[in-house]
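Heads up, there are several structures right after this.
Both complexes below contain subunit A, partnered by subunit B and then by subunit C.
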Partner chain A sequence: MNVAFDLAEKILAGQRRALAKAITLIESTKHADRLIAEEILTRIIPHTGNSIRLGISGVPGVGKSTLIEALGKYLLQYNKRLAVLTIDPSSPVTGGSILGDKTRMESLAREENAFIRPSPTNGNLGGVGRRTRETMLACEAAGFDFIIVETVGVGQSEVAAASMVDVFMMLQLPNAGDELQGIKKGILELADILVITKADGQQKQMAEHARLEQQRALHLTRHENNWKPPVLTASALEDKGIAQIFESVDECHRIKQSSGQLQLKRQAQARAWFEQELVEGAKDWLVHHLGSSHQLADAESDVIGGRIPASAAVRHIFDQLLSGAESTTKKIRR
Partner chain B sequence: MNVAFDLAEKILAGQRRALAKAITLIESTKHADRLIAEEILTRIIPHTGNSIRLGISGVPGVGKSTLIEALGKYLLQYNKRLAVLTIDPSSPVTGGSILGDKTRMESLAREENAFIRPSPTNGNLGGVGRRTRETMLACEAAGFDFIIVETVGVGQSEVAAASMVDVFMMLQLPNAGDELQGIKKGILELADILVITKADGQQKQMAEHARLEQQRALHLTRHENNWKPPVLTASALEDKGIAQIFESVDECHRIKQSSGQLQLKRQAQARAWFEQELVEGAKDWLVHHLGSSHQLADAESDVIGGRIPASAAVRHIFDQLLSGAESTTKKIRR
Partner chain C sequence: MKQSFKSGRLGYDLWVKDASADIKGSPLEQLTRQTPEGLSLKPLYTAADLQGIPFLDTMPGQPPFTRGPRATMYTFRPWTIRQYAGFSTAEESNKFYRNALAAGQKGLSVAFDLATHRGYDSDNLRVVGDVGKAGVAIDTVDDMKILFDQIPLDQMSVSMTMNGAVLPILAGYIVAAEEQGVSQDKLTGTIQNDILKEYLVRNTYIYPPKPSMRIVGDIIEYTSQFMPNYNSISISGYHIQEAGADAALELAYTLADGIEYVKAAIARGQDVDSFAPRLSFFFAVGMNFYMEIAKLRAARTLWWELMQQFAPKNPKSSMLRTHCQTSGWTLTEQDPYNNMVRTTIEAMAAVLGGTQSLHTNSFDEAVSLPTKTSSRIARNTQLIIQEETDITHTVDPFGGSYFMEKLTFDLINRAKEILQEIDAAGGMVEAIQSGLPKLRIEESAAQKQAGIDSGANIIVGVNKYRVQEASEIDVLDIDNTAVREAQIKRIKAVKATRDSKATEQALNALKDAAASDSANLLAYAIECMRKRATVGEISDAIAEIYGRHTATTQAVSNVYINNYKDSGVIDDVKQQIAEFTIEEGRRPRILVVKLGQDGHDRGAKVIATGFADLGFDVDIGPLFQTPEEAAKQAIENDVHVIGVSTQVAGHKTLVPQLIKVLQIHDAHEIAVVVGGIIPTRDYAELKKAGVVSVFGPGTPIPECAAQVLQAIKSKQKSEIAK
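On to the complex of A and B.
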């Protein structure tokens, strides 16, 4: 039996081991693996799109994994199946530094209905999170109701995460004064929900203060459609505020769904996905058919250095393709 | 003499008519015109990058053109040369609706040292503002010291404008309460400078109130590098606040320049430009060599419709290219 077909069937039957294998193929940089991965994805894609896709972001130390553990336990209680995917821009090719830490989400990882997987995001794979989206689709096909895409609050990874989820949630520490300054421009604006973490013990009052401050800031800068981003407080330690987070996520998702916004958002995300793949595909193809990546890299650095206009650089590259393709053809004929 | 060479020389000599001709070639969708345009751009690009690039955005009615006229007159006073380019997403292929209105910036348009040009942004040209960047480079080569890229506060055009300028300025009406709600998510965050317009007559106090409100909102959400976006008030009618705007633009530009930020920003913009051209170039090339645009459009809609994963759709397209190129080769040989 065809490997892709076999794995696709097993994924649709909810088999975790097949899912894990498929993700390994998805993440592989080997050509043969990618071909199988794409065949699997093509087979399962009609069965995707049924989960709630939640993005969670925050700076290191904000308590993402403990909160996700608390969220996970809450979901499992209601017999929901949860997948947690991580976009970690700092992870090395070989592993994923975040989950290199074995104790992370330990209790959640042991659960039958939870699936935890870091995504490598090394340069070779193209855009940040390029493969996370495909992994998310595989998890959906395997019947997970909730997909959490987790990312560290650094650089482009938040934008990548926000570009594949329905609801985007940002976590912040209670010492808001300092924290606010850490927020990158534009990132806060991506958030549908803001959660002040570690609202327990001596930090309880500080968290409430931060909540009010943030609510005021958001109120001033954000009024969009029919959703006003709420600011919540939560404590994973005292298991408080977890239900409220889900109420907000659910409400946000429901409102977006009933207004048709969710469909439009997912369509726009798919269009962007296509365009991203087109760039990466063009690059891969160009490198493959030009025989080396030097020409592409040289063209890019000429544009960045202001030596060539981008349009001329790109045209030059594509013009070379015909002759390249021709010589390939000649080779084949010889 | 070669047309491109001739035009390039004349542009570098500051001849307006040559500049206008070159821009027409830049904006043309005809293949032959584009080849000449790219040759011109390749020749002049070493002489670009010396202007201050200022983006100005705001909703229709905020008073963009009257303010730009006032800014223009101020610059001309100091013997500066100013080019105003417009990204108008609503403009039809044939004209540019904004400057269809002949009275717009009428007095500025008559000045020898001012150059005003709307950019068409019809779908055929690819991304919003794809050609505005090239037009900006041509203006720089022609010796304009100041380039203003103007855009209506709608959708993607602000992002496009911000992606090609050094300093981005947003205009707002004095009735801030309502105005704030009109600001699209993330757009305010692009602004280096905020200007409350029409701060005259009865609206003076309201404008000052709006200024304070905005300053507070920005203070809460934005703390980046060494530049805190100032909120200014201005009246084109009473010719007030114009000098302050230039002081801010100048200071922002100077700080970015001396910190090295400006160079990094321009490099990042050039990289994004290259990538945008690569997508558009790949699309053009694909359409050309696939013989029709149906396959590309079909692939995109299959991805948006969730029927095919983007990676597989893109691979399929590129795989067809070799066979396409092969048959082209055969045809040539026949």
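On to the complex of A and C.
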């Protein structure tokens, strides 16, 4: 039987094992796997789009995974089926990684209605963004109606994450102090909800303080007009503030949906997805077709050596490619 | 005598010349060794090294107790031979204790099984593989009474290693004595009751740190009021060293834990002199002979110094008394009779360092619980030192040694630096929550592992002087299914005959007490035990109020690879992994799991960190997983292989279960490998169950990684063939 067909059927039937294997194919760097993955995605895409997609981001250690554990357990009470996709940064030196997020979601991981998949970045944040989107679709096809994407906040990845979810939530430490200033611009504008974490013990007061501060700051940034991003505090450790977070997510989603914004947003995201694939695909194609010749390497070293401007080097490559292509077409015509 | 010899500076300069000649002109510094503690061991020490050492020429039995807590030490009465033991049922353990006492042992030391440690009754489904395996199973006071049958508790000092389920177990002991006719004030012995090191390394906690500290405080308070001869706590460095810490970390963390307990008791309004004299300590003694002697001397000195901040009036409040155990980690599966020699050397260090009691390990402990024969030899090691040598005939024989005094001083100073780090973190409870001390210990463990794997640190019979033919030794095997069934029967019987209303009332009162701040929980637990509540029921009642603690798993990276001294081996494995990655479209991915209540995570952690360094993607499962939970995680993460790390002999029950669950979920292509403490005779059985490879103690990590890669490939091949 055709592997893609078989897996797609099983995913649609909600089989955990098939979903897991499909994600491996989606993330695979092997060309043959990519083809299968695309076939699977093509089959299941009519059955996607029916979940609430929530992105959660923040610096390492801010408490993303722990909060997802608490939020997840809360969600499951409402008979939701939850998929969590976490993106773990690989060790850049050796390439291997320790995927630790899931150990913070110990009791959620046991739940029948939860599916948690940590993925290594392999040093390529943009690349994972690309595959995470597809993984999300596979999870939707498998019947998960709530999807959380956890990404480490290092600037670039937040943008990638925000560009594939319906609701984007940023987490901040209660004592972020100066760091706050750094995050404010740009990234904060992406956030639909802001949560100050670890509002417990000695940090409780500080968290409340940070909340007020942030609220003031958010006032000054512009957002989609009918949603004012709330600033909340929470303690995953003491299970406090979880219901409020869930309500905010739900409300934000509902408002966007009823106003038609959600549809527009998803369309815009799909367009961006297409454009990104086009660029990435073209690059892949170039490397694939020219990688073994000296053309790319030579042009690159010319640019590095300051002999040719980059734009001219690239144009030159395309010119050569096109004239080559023309001559082959001509040959065939004759 | 005529001045026909030279001393002091003159002599030293001459020595430098002679020594340089000996090593043929290469720099003398090469004879100075760097220790893992970050100290330098010079080839020679002189009187000049004694400068500035404040505790020189102090007396044993006097502050700061550097030379020992008692004036006469072993010259009057030797240390107590106290062997830690316990297995399967209360009946079996009781028989074992009575034999040991007849053979010259002086005190008892009870090892509980892991179900009991973690507050589960033997009939709980989470502990199917654990009951009776690594200690004695205790569910009710009836078990406790059998355990101490015909052992007069008013005369016998009993040490109990219990931390998590400390309330029901201590209560059970008190009630068992009571029903033997011995009132609690007559009881002598020690309860470990050291919860902080459980979060650090030993992993048999039940509740979160804060309420657990309250329980510790309750026990200190209760015993100081009603059990004057009982040690309320045994503040333990032993486990910290066994988990991988060097001597300085062990020393500093142990004392930092101690200070935390003292502060907690004082915060409850107790006077320091009312409890501090009953605090006791417990250290490991490994193969670094001098360092270990220095550690015990340093521990006493530093504890005295640290305690002064509480202004005790009784000198005994700042006098450190300690139990010691020879290191189990230094014992090897390979060429196991060598272990007798190792244990002897370690026992000597403990004695020369001035321990108050001692456990010597059996030579087969790298493989399983000791047999009757190996236990006898272990005990005799101490008897021989006590009875056949003159080692006991003088107090602190190393006192005044230029080298030992300086080493003691250096170690104290190094420990103080680590103590400062803990202070800066806001004390040990806070530091533990941040995870820093645990990471330090794991870093040290990864360094040691790399040292051994790369041959830089030599272990005879493991990475040098290996013997070809493996020596088959007798291995104790416990049929845990039989133990479990017997225990379940007894639980049923107890539940059927007790006054259930009264039990429930006692449990409810305990719950209320846990919810209030003022009550002493031990008093309520004793009442529950009298009313025949089980260990599990008592633990659960409290968990209803406090919840169960879940640990956060962290791991170090790049420590292993940076400490591995032979890059050829490493590069080769990395190359294999790189090729696999290209062929497969992703890195090899392994889920390292711990099944059941086995809390030994040192092996799992070094494997995880080492494998990641070499290029694997590594998922780490949480502690205490069931086979079902591990399978679910492996399936979702779609790992190539599950690596089970197992140390307390649950493998024969839990691993076949895991493989079965994988098959049920259509995940037969996930390979399963097993590593850890596995007697060779179990290999065949595991392989028959479907395990692809088995890795015993001492397997270098690069070799493990290469073989696991092979295991993945061979599994893939056999799946395709199907």
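Note that in this section the second predicted complex is superposed on the first by the 267 of 334 C-alpha atoms of A that agree within 3 Å, B and C clash if a C-alpha of one lies under 4 Å from a C-alpha of the other, contacts with A are read in each partner's own complex, and residues count from 1 in each chain.
Keep in mind that, in the parts below, contacts are C-beta pairs under 8 Å (C-beta built on N, C-alpha and C of every residue); 3 or more make two chains touch, one makes a residue touch a chain.
None of these values were measured; they are calculated from a predicted model.
When the shared chain is aligned, no partner comes close enough to touch A:G260: not subunit B, not subunit C. When both complexes are overlaid on chain A, the residue A:S311 reaches subunit B alone and has no touch with subunit C. When the two complexes are superposed, the chain touching more residues of subunit A, out of subunit B and subunit C, is B.
Contacts of A:R110 after superposition: subunit C is touched, whereas subunit B is not reached.
Contacts of A:T29 after superposition on the shared chain: subunit C is touched, whereas subunit B is not. Within subunit A, no residue touches subunit B in one complex and subunit C in the other. The residues of subunit B lying in touch with subunit A in their complex are 34, 37-39, 41-42, 45-46, 48-49, 134, 137, 180-181, 183-186, 188-190, 213, 216-217, 220-224, 267, 270-271, 273-285, 289, 299-300, 303-304, 306-315, 317-318, 321-322, 325-326, 328-329.
Put simply, subunit A touches subunit C in their complex at residues 15-17, 20-21, 23-24, 27-30, 33, 66, 90-91, 93-100, 102-104, 106-107, 109-110, 115-118, 120, 122. Those residues of subunit C that touch subunit A in the shared complex are 550, 552-555, 557-558, 561, 574, 577, 582-587, 608-609, 611-622, 629, 632-633, 635-638, 665-667.
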